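Note that the chains are named A, B, C and D in the order they appear, and that numbering of residues resets to 1 at the start of each chain.
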Amino acid sequence: MSAMEIESPPPPTAEEEAQLKQLYADFERHHMMPLWTQTNDLMPFTPKPKAVPHVWKWSDLYPLAKRSGDLVPVGRGGERRAIGLANPGLGGHAYISPTLWAAIQYLGPRETAPEHRHAQNAFRFVVEGEGVWTVVNGDPVRMSRGDFLLTPGWHFHGHQNATDAPMAWLDGLDIPFSQQMDVGFFEHGSERVTDYATPRFSRGERLWCHPGLRPLSGLQNTVSSPIGAYRWEFTDQALTEQLLLEEEGQPATVEQGHAAVRYVNPTTGGDVMPTIRAEFHRLRAGTVTPARREVGSSVFQVFEGKGSVILGGTERKLDKGDIFVAPSWCPWSLVAEAQFDLFRFSDAPIMERLHFDRTHVDGGER
Amino acid sequence: MSAMEIESPPPPTAEEEAQLKQLYADFERHHMMPLWTQTNDLMPFTPKPKAVPHVWKWSDLYPLAKRSGDLVPVGRGGERRAIGLANPGLGGHAYISPTLWAAIQYLGPRETAPEHRHAQNAFRFVVEGEGVWTVVNGDPVRMSRGDFLLTPGWHFHGHQNATDAPMAWLDGLDIPFSQQMDVGFFEHGSERVTDYATPRFSRGERLWCHPGLRPLSGLQNTVSSPIGAYRWEFTDQALTEQLLLEEEGQPATVEQGHAAVRYVNPTTGGDVMPTIRAEFHRLRAGTVTPARREVGSSVFQVFEGKGSVILGGTERKLDKGDIFVAPSWCPWSLVAEAQFDLFRFSDAPIMERLHFDRTHVDGGER
Amino acid sequence: MSAMEIESPPPPTAEEEAQLKQLYADFERHHMMPLWTQTNDLMPFTPKPKAVPHVWKWSDLYPLAKRSGDLVPVGRGGERRAIGLANPGLGGHAYISPTLWAAIQYLGPRETAPEHRHAQNAFRFVVEGEGVWTVVNGDPVRMSRGDFLLTPGWHFHGHQNATDAPMAWLDGLDIPFSQQMDVGFFEHGSERVTDYATPRFSRGERLWCHPGLRPLSGLQNTVSSPIGAYRWEFTDQALTEQLLLEEEGQPATVEQGHAAVRYVNPTTGGDVMPTIRAEFHRLRAGTVTPARREVGSSVFQVFEGKGSVILGGTERKLDKGDIFVAPSWCPWSLVAEAQFDLFRFSDAPIMERLHFDRTHVDGGER
Amino acid sequence: MSAMEIESPPPPTAEEEAQLKQLYADFERHHMMPLWTQTNDLMPFTPKPKAVPHVWKWSDLYPLAKRSGDLVPVGRGGERRAIGLANPGLGGHAYISPTLWAAIQYLGPRETAPEHRHAQNAFRFVVEGEGVWTVVNGDPVRMSRGDFLLTPGWHFHGHQNATDAPMAWLDGLDIPFSQQMDVGFFEHGSERVTDYATPRFSRGERLWCHPGLRPLSGLQNTVSSPIGAYRWEFTDQALTEQLLLEEEGQPATVEQGHAAVRYVNPTTGGDVMPTIRAEFHRLRAGTVTPARREVGSSVFQVFEGKGSVILGGTERKLDKGDIFVAPSWCPWSLVAEAQFDLFRFSDAPIMERLHFDRTHVDGGER
């Protein structure tokens, strides 16, 4: 838009200033606030998040989680031994972004985290370890390295560690959204998990994890995915095939050197839960992705490999387990030194369902 | 759920307490916060909004708007002479609820509010007066008493008062949602409105306001309604017919004595915009609606008639023009002394599209 | 595709011919038929309908309907005094196309056609006259010139003539589709219509015919439109506005000089019934539409005006009431001598829902 | 409905009879046919298909296919050595039902069936053998026992036998629907297949056959499934798990002893193609399914095991490879003597998308 010449009004007289002061006082008394003094804040030209880009190092996170395992019991009341990553820009809230919660949860040998359910949607991603089973609506789901697990809104769930070793993992939820938008409900369930079995595959997987096949007993679409665990072996294989197909000259990757899958609800082909998108990305060594800005926030955790992220213009080295957040409209670009595997989750379903989604990719509007 | 007996752990020793203190300090240093100290706040049993139920009196609002008309110019920068209703529970933000903005906008004789566009969705509702045209993407739309007007996200719009009398109306937007979720974009447009014509009907109405008929030039569905103005005469007629049908013993009203219509996008039959639902309710004299709790917040403005609202357990008298907000899960019930007409808007599309919607009606779960 | 040289196999020996003959006989005995002797018939390069383009003159149709009114009673058993238009290419079936049925129905003074219901979807279009009410699921719907009326699948319906003059109209159904695809169900209802009232507007109209407004008592989407009658005054007004907007230089018409509306289900914005699309087209004097080919068949009835259709390459004059059919992939073009109003219905929803739809417009693929 | 007494009109006089005769002659001359003489045929109380229930024995089909392999060349023109199963009720058409085509296709050692494409949707199901690759839009897809393969509408496809043994399989298409509804297009492709590679897995499988995972390069939904082959090992495993879950007391099967999966499009969770549904059913020994009637027709092929079908009231023994058709509304019930595996396809997507679907199950309306 071209610049515009606006004729400035004459400066107010002393009497006018007094009247204005009185007007603003009367506004306040009647719980009113003028728009004209705050337009820029309320309606910025582009998103101006309070949340800042930030990296948490696994080498900090895991030892702290372990220390809490020694000092803090897990049980009814506190419910979970989970430590939230608090975005430094969000003023003392344990929110990694205005919509998303990310935490390290730690369960000691033979411990049980009691069952409960809540309207908030939750998932787990396992960057290392094994031995815990999450029981979701009575179905025990094994947790192992590389697995992505769901506990969608209003599903009862608890955790039990069936081994003598502790285990830690990443919890992701939409707590900040639900908290700010006043949508949360919560209910306690069993003090213990309702099934201490430790099967290799959950019933949900046995019913649903057959590619392209849908049980006739499950023809009704579900709001969230009926798959309790998305196993690493499938994720790894899918990414491997994409890179092989790319080598064969076939279209399969997002962009050169960049393979990626989205975890989906098999009843719809859409996102696993109504508020959270989850993906896994693999970059060939040497790949640098073009800088992307997106409406909404994303969180990444390095699963394996070596590289860095250029986040809001600053490059930051990343090691296994490191977690970073890209707030809304903050540009991010991944740089792979070696093959680089990253888990990603975001609030994209919120943005898309409400039609606020926009993406800008350097070198081409998408 | 029945009460559970939880074996309390032994109280911590002094050494343990010191270690715990150090752990919490280390958490803070690394931008981490434990869940177990804040579960109740983060995950309440039912929504615990900071927003409170509140009534604003038109007899306060209009005079204040008028005074601002004398003292504050309208133009580029401040953009609009709009005064937001600030929920007393929301700590100094001009948010009527965590998702919704409601304001009185005031335009003096012959004034123009310049054109701009923003990602935020907006509407106007006219409780009294006429003479202003809102120009939406170049299409001038007359504003008259009882009309409901749309300026959906990223549509250019300005206002011009074509008369020698001032006019005020209700503005509704999703500013609090967009602000907290970091989704806003903004762009200035023409300093003046792009078309000073004052047609009785806008082009959008002439193309789209024929019941059950869709132009073949408009077969692509649109995110928001292509209708610029929903005229009072149609709303009034629809409500009148519902009450007449009820008298004839036909199913037509929501419940006995309670007629209601939803404003919809004719390309889909769904809500007019992705984040805002708008409805008009008419109660026969003597009707009392059962108390309702809903996830998400609603704002009502009395258009005509006499009655009150029982809001969070307290009855409050309502006169023409009065505005009240029912925060998430706060029960509300309308009481009609005489025929009672109310405009209503809410964030229900957000709740429904993200599957957080729940409703509880006294005397029956819906 | 480039021409290909196919090496011809050697001619069969006498023994091979005998074996082949025996093979074909054995096929027949076992209810088998080879593809290779009939590929061209079964899989043509483009649709090769048996149905032919044809025009029926109202000046033939109406007098014949009137004569049947004198000779044939209406009542249970025959159910309706309706005379189907039999496409000359469809070998003695009363099908105007492989999917569609079109008939002239005639009801004498004070006659009643008894109530029944069927899985088949039906509508009426009134090219002249008035005085009959169609009772649909108990709701009496007035029939007047220019009105388009629905009796969707499995809705009870009967007709009663409340006057001393006869009345005739166009019936459209999906009988040929339902008959060939074996989907029909039928049930007798009341011997008389269930309500002999003659209101100006049906209850469905009173509830639903308010542009952009949806009753809160009707939030559930319906398979077919809840509007019983689409009144001529609305259709006429919508077309008039499109042509006025075109004159003002605004996008509103399908193409220069060609206004058109589609009748839609207000709960979805989509077609009025699952198998039948209905539209109304108005051409300015002098307009000639580009030749169109479409997968699926269309039937037009001239409502008013003067012109012709070029149908499969042959121009045919059209007068008021004349009906013509354009079979699948047969090109058609309308020529308006004076302002030219045509009602149209087609099987397009079948084609689109099954993804067989294709359109070719001379001078541009759509 | 109870019987109704209808007052019979007086018998026509001779003059009236003559007039009626003349009227009917005039109808015929003007291509019109009265409804009242044919209501029962056109609008039956329940579907009255001309197609009859019928069983084809594999012991007849395969030898005949083999004989045609010796006598009939495969190549451009005839296109395929496929022998259609002609429903005895459908008067000399190679239609197994009014919507569906089923054929045995036979490809001799080292033979190639040339590439072509058509609007008709097609699949293959392999009851025995291996060694042929179907090349779909350039992607070679291995065919092996138990596999279900897709060649959706307008995809180029050819077949090549890479071995020295012949191979036969079941072809299923929507030819009768497309033929009667005039929706077919056809185009020749390469005389040879475009890729003679014989990979174990097609590119489509490598990209799409990872349960719950969607490639980011494939986020656009597709009309038909992007999976070229649904492998037997997955089908078998899914059915095995359902029966194991049933044994464990978990809900997993359709009904006691009856496991079943539907083949679906992973981009939507819906049917693989717009007109054809495909499923695989496994019954425990001793299971008898309740008699079902459905609108639309189904074809079954026995894959393995021993049993019979009660089809329209008559029990017929079934052996491996046997094919039977259940026309619309014809009751069918399966009886398993030993574990009984059946492939099934039907026109259910047509019926459901057009809202003609109805199901009646003995002992309970579904």
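The definition used in the following text is that a residue touches a chain if its C-beta (ideal position, glycine included) is under 8 Å from a C-beta of that chain, and two chains touch if they have at least 3 such contacts.
Keep in mind the model is a prediction, meaning the values are calculated, not measured.
According to the touch definition, list the chains common to the neighbour sets of subunit B and subunit C.
none
Quick one: report the Å distance separating subunit A from subunit C, using the average Cα coordinate of each chain.
The answer is 52 Å.
Please report how many Å separate the Cα centroid of subunit A from that of subunit B, as a whole number.
That gives a centre separation of 29 Å.
Residues of subunit D that contact two or more other chains, please.
If we look for residues of subunit D contacting two or more partner chains, we find none.
So that we know how the chains sit together, what is the shape of their touch graph: line, ring, star, complete or other?
Chain contacts: single closed ring, each chain with exactly two partners.
Pairwise, which chains touch?
A-B, A-D, B-C, C-D
What residues on subunit D touch subunit C, complex-wise?
1, 4, 6, 9, 12, 16, 19-20, 23, 26-27, 30-39, 41-49, 51, 54, 56, 60-61, 64, 67-68, 71-73, 75-88, 92-94, 98-99, 103-104, 118-120, 153, 175, 177-189, 191, 223, 274-275, 295-297, 327-329, 349-351, 353-356, 358
What part of subunit B is in contact with subunit C in the complex they form?
Residues in contact with subunit C: 203, 206-217, 219, 221, 225, 227, 230, 234-235, 237-238, 241-242, 244-245, 250-254, 260-269, 279.
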